[in-house]
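Below you'll find a set of structures to go through.
Each of the next two complexes has chain A plus one other chain: chain B in the first, chain C in the second.
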Partner chain A sequence: MKLFLYLDRESVVHRLHPVTKLVALPVLFGVAMRLERLETLALLALVVVVVAALGRALDAVAGMASLLLTLLIATTLMWWLFAPQGGLLRDGFQPAALARSAGLGLRLALMVASGIVFLATTRVEDFAHGLRTLGLPYRVAFALTLAFRLVPTFVASGRAVAEAQRARGLDLDHGGLVTRMRRYTPLVVPMFLTSIRRADRLAAALETRGFGSGEKRTDLVEHRFGGRDALAAVLLVGLVAASLWGGELASQPAVQAALGSARAWLEALYAKAASRP
Partner chain B sequence: MRQRTRPGVLPGSAESLGVPRAEIARRVAECLGLVGLAGFERREPATLSGGEKQRLAIASVLAMRPSLILLDEPTTDLDPVGKGEVHAILRRLAADGLAVAVIEHETEELLDLDRILHLDAGAVRRDGPPRRLLLEVAELAAAGVEPPVAARASRWLGLAEVVREERFADEVAARGVQVERTGVRPRLATRGEAPVIEVDHLVHRYPLRDQPAVDDVSLAIRPGEFVALLGANGSGKTTLAKHLNGLLPPTSGAVRVAGHDAKKAGTAQLARHVGYVFQDPDHQIFSATVWEEMAFGPRNLGVGEDQLESRILAALEVVGLTEERDRDPFVLTKGQRQRLAVASVLATAPEILVLDEPTTGLDYNDRERMLALLADLHRRGHTVLVITHAMEVVASHCERALVMAGGKLVFDGGIPELFANDEVLARARLRAPTAWRLGRMLGLETLTPEELGAALRGGGGGNGA
Partner chain C sequence: MRDLIRMWSNTRMIVLVAISAAVYAAILLPFKLFPIVPGVTELRPATAIPPLASLLFGPAAAWGMGFGNLIGDFASGLGPVTPFGMLGNFLLGWMPYRLWRAMSSEPLPRFISGEKASASSQGLLVQVAEFLFIIVVASAACALVIGWGGLIFEAFPVKAVVPIIFVNNVLWGGFVTPLVARAVAPRVRAWGLTADQILGVSQRSQSPTRLIGLFLAPASALGGVLVLYLLAGSPGEAAGVDLRWLAGVPSVLVLVGTALL
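Let's look at the complex of A and B:
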């Protein structure tokens, strides 16, 4: 079973300083929250896709396509049906409301997708290192690393418990809700107890390896900010600026005029292409 | 620029101790090399095999540059070759000047250590060189420690210390012991009955893995057989076994158990026919009393309360836990919990028993009890399939061996045929037990220490033991 999204590859995004990525992620979230129109959110989606491509992580995103699509469709539907203004149930069908709902669905899917790109291009150790650089105490950052490390272990022991009980005839698929809930006792108790035992052993193992020895820790992971981090920062600032003032800028007469002539040019081009035999 | 060597867990210990960064990178490479894991720097620890993980754990402790390294049963879960590899590493470290102390109850691998401390009831009972100390066969057995087979053989020859394996044939000849060739051992009896388990071109693929875990395996097991399922860690034996009660569905191929298609019948239905005992009893024990734990399986299968009591009592009797019926399972010893797991499966009265590593982690006495229990169940007519790394168990109890390597079934036949087949043994990382290896030097096919002893004493030599 592959439980982690991280892809051990060489790419510009992999090589970014973890702090850069740790800052970029919430900034991207903020930009997504600020944008509302479907068109601008689609532009942001393009940005995320470009970053994923640069990070050679498109397949990681594609691998989660079902999750992303479910999020997108479910959110869109919910907003479209139940929105307080323009919702289908209250105000009947309104194309603008549908577009708005789709935008909100896309916003959520985008945030998850950028999270996937982050995890696919950042080692847990680097993630923790980034958090420490940002001032988080080592123990907290270590707990995060540990949580990631333990996921496959807990999944494996959970599976082992379920198999052991199914082999003794435990049936989790039939019966009413209450009976089914009660049937989970044989799963929960052994999982809980094995987890406690494991935590106990883990604590001893950490101590034997000098955890909290009082010495000043060496951090093996080392990163320096480089040109690509500066470039990423500039692009991020540009993105934020565009999300904040892009709309105003676009409504300036000069920009409007420029956009109008560009549009006319495109239309002419299209007409020419269409009239060709 | 970025650090190139960034292994997942290894640097942890040295980092905690504030060792400079360049030094850590050097140590990581060196320690991985010492345990034969050079080039593994970037692997996720979760993707390593059992033996590799154990070696990584040793390396991670070595990275702290200790002057003493303590190991608590470091080879319990490993396949025979993996065990040998770990012990070879420890010997090399000791030769380099590191003090190595191993806590162990299996004595077979301990003969080449410098010194053994035998603890009993919290006190050091004996202290001495292994080849001398382990020769005290009767005392060891009385204290619940299994003496190595080579020690028993040395006793029979009247030697002053445990013989080195490569010197065994010479010692026998030097003492003028006449070896009595035992008669031709009865070969695997072919039974006429229809198979109770049929596996037909079974393939199982886990998601996102390139190699199938089980690759085109076909076999048949007849009622009442005692079969060993062998192979290295990660060879696919547990995956194969989990198809026998429907825990895993075949990717392709078919499995028929007691007349049911395993995939269609489902695990709950097959539980009536196949009892599956997992390696770790703590993965299944959840009840407040032994009695309740025993009742879980039969109740799931709809056994009425009137029959329940007699079934539970019978099963507890078989495993010798009748006295413990009202106790909390969590206060039982590991051996008792292991037997409780077997009993709770027996209470469902299955005709087929599958046991995954039933003797792992048990001490000598508990192991002997478990084996006597399995032999007893076999005599009562149960079909028994054991997954194990313990070759002495295979030699003394099983009639037939199935050997897996890389997902394929590479051997299906009698135990002597397996031990004589060096190619299969090497491929599956197995090693014939000591009694066989020693017997072979004398031109014998002895599976158990008792057979070896009979051959040596029957010839008129030896002082007995």
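Let's look at the complex of A and C:
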């Protein structure tokens, strides 16, 4: 069973330095937070789709489409119903409130979609390496990586425990809430104990291999900042600048004039095409 | 507070961080398929783990629960509230240990450890009440921090979601944790894997600031979550009170109060 979203592929996004991706993700979140109008959020969605395509991760995003759609609809509905200002339950139907709720839903779905692209293109080891480069101590990064590695083993042992208990007649589907909650005990206890029993052996195995010896560590895989990281940084700065000053820039007379000329040129082109027999 | 840092020099505690995180995530993941609020929370039997791990493994459980929640988000998508989810679960794994050590002279409640009462120990009913109090406070702190993240990123209406997180945590922690703990705790103690056995800490917190922490941590967790619930969507917010930053104050006070215990 595949538990995590990483796709082992070759792509320009896969090859980016982990730190570049670790910085890009919160920057994208920040940019999304700056945007409120549906049109600008749709533009950002386009950026996320392009990055996903470059990272050959469109199928990962598509695979989570049901989650993203549920997120979009549930967030929109929740905000539309319960919003403190203009909420349906409080102030009745207001089209502007619905549009704002849809914007908030799209924004959250976009952020989660960016997270999916990050996860689909970044190995856990690279994630931990990136965190270490940003200053996280090695032992903390190691514990995080080890936890990721242990999850599939524990999920498998949990599944075996569940099947064994069901074979003994454990019924999790009937009864009141408290009864059903209590019935989870025979699942959790063996799973917890079999996992904890490994602690001593694992710690001994680590120490016999020199864990915590204090020597400066070297890495099997060396990541280097390259041209593509510099380009990504420039694009990110451009994105932040556009989110900060894009609206202001669009209202400048020179930009308005240029946009007007472009619109006139397009209209002329359309008229010319339409007049052809 | 020093335990949180000191434990990183002990290999067994590091392994316990990884194992408790992995167990938490392994129970969390199957239920990601049944969200209560998509992208925010789901039916969580795994919520029985943080108080249990906290009482047994102390600081290792705190880090473990934070990492476990992050791993859960790795499977369902990282979002802007992810760091707040990590911090909320970190508190859910840290506060029970700190609060229990500040309130009791015994390493575990007797209805969990199965040990006999000594002359100086509290009554059983008092211990049950203290345990439930700890669960309620830690659950409130977790809901408060996640609610704060939701406010900052406008990820969900706080008034609707914070009570769900709080009740979810209290129900699993209050009903299921003692049942699991009663079966698990004696074995873990026999294996010598509890935090006080590994780190050799005294059973009762001797910190002179303990009483301040005992007041500050519960008051800011319970008060904060109540104020957050009452003010979100109130005329105060409409009148321009920026709750996004106001909600950060009790969250920070919870951290400070817990550190003082």
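Methods note: the second predicted complex is superposed on the first by the 258 of 277 C-alpha atoms of A that agree within 3 Å, B and C clash if a C-alpha of one lies under 4 Å from a C-alpha of the other, contacts with A are read in each partner's own complex, and residues count from 1 in each chain.
In the analysis below, contacts are C-beta pairs under 8 Å (C-beta built on N, C-alpha and C of every residue); 3 or more make two chains touch, one makes a residue touch a chain.
The structure presented is a predicted model; accordingly, all values stated were derived computationally and were not measured.
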Most chain A residues touched (candidates chain B, chain C): C
Which of chain B and chain C A:Glu163 touches, first, second, both or neither: first
Partner chain in contact with A:Thr185 - chain B first, chain C second, else both or neither: both
Chain B versus chain C as contact partner of A:Arg209, first or second or both or neither: first
Which of chain B and chain C A:Lys272 touches, first, second, both or neither: neither
Chain B versus chain C as contact partner of A:Asp8, first or second or both or neither: first
First, second, both or neither for A:Thr218, with chain B first and chain C second: first
Contacts of A:Arg197 with chain B and chain C, given as first, second, both or neither: both
Shared chain A surface residues [contacts with chain B and with chain C]: 3-4, 153, 185, 188-189, 193, 197, 211-212
Residue ranges of chain A in contact with chain C within the complex: 3-5, 25, 29, 33, 64, 67, 70-71, 74-75, 78-79, 82-85, 87, 90, 104, 107-108, 111-113, 115-116, 118-119, 124, 137, 139-140, 142-144, 146-148, 150-151, 153-155, 158, 177-178, 181-182, 184-185, 187-189, 191-193, 195-200, 202-203, 206-207, 211-212
Residues on chain B engaged by chain A in the complex (per definition of touch): 1-3, 6, 8-9, 11-21, 24-25, 42, 44-46, 60-61, 64, 206-208, 242, 245, 247, 267-268, 271-272, 274-276, 278, 280, 282-286, 296-297, 300-301, 330, 344-345, 348
Of all residues in chain C, those that touch chain A in their complex: 8-9, 11-12, 14-19, 21-23, 25-27, 29-30, 35, 37-39, 45, 48-49, 52, 63-64, 67-68, 70-71, 73-80, 82, 153-157, 159-161, 171-172, 175-176, 179-180, 183-184, 187-188, 191, 193, 232-234, 237-238
Chain A - residues contacting chain B, complex: 1-4, 8, 15, 123, 125, 149, 152-153, 157, 160-161, 163-171, 185-186, 188-190, 193-194, 197, 208-213, 215-224, 226
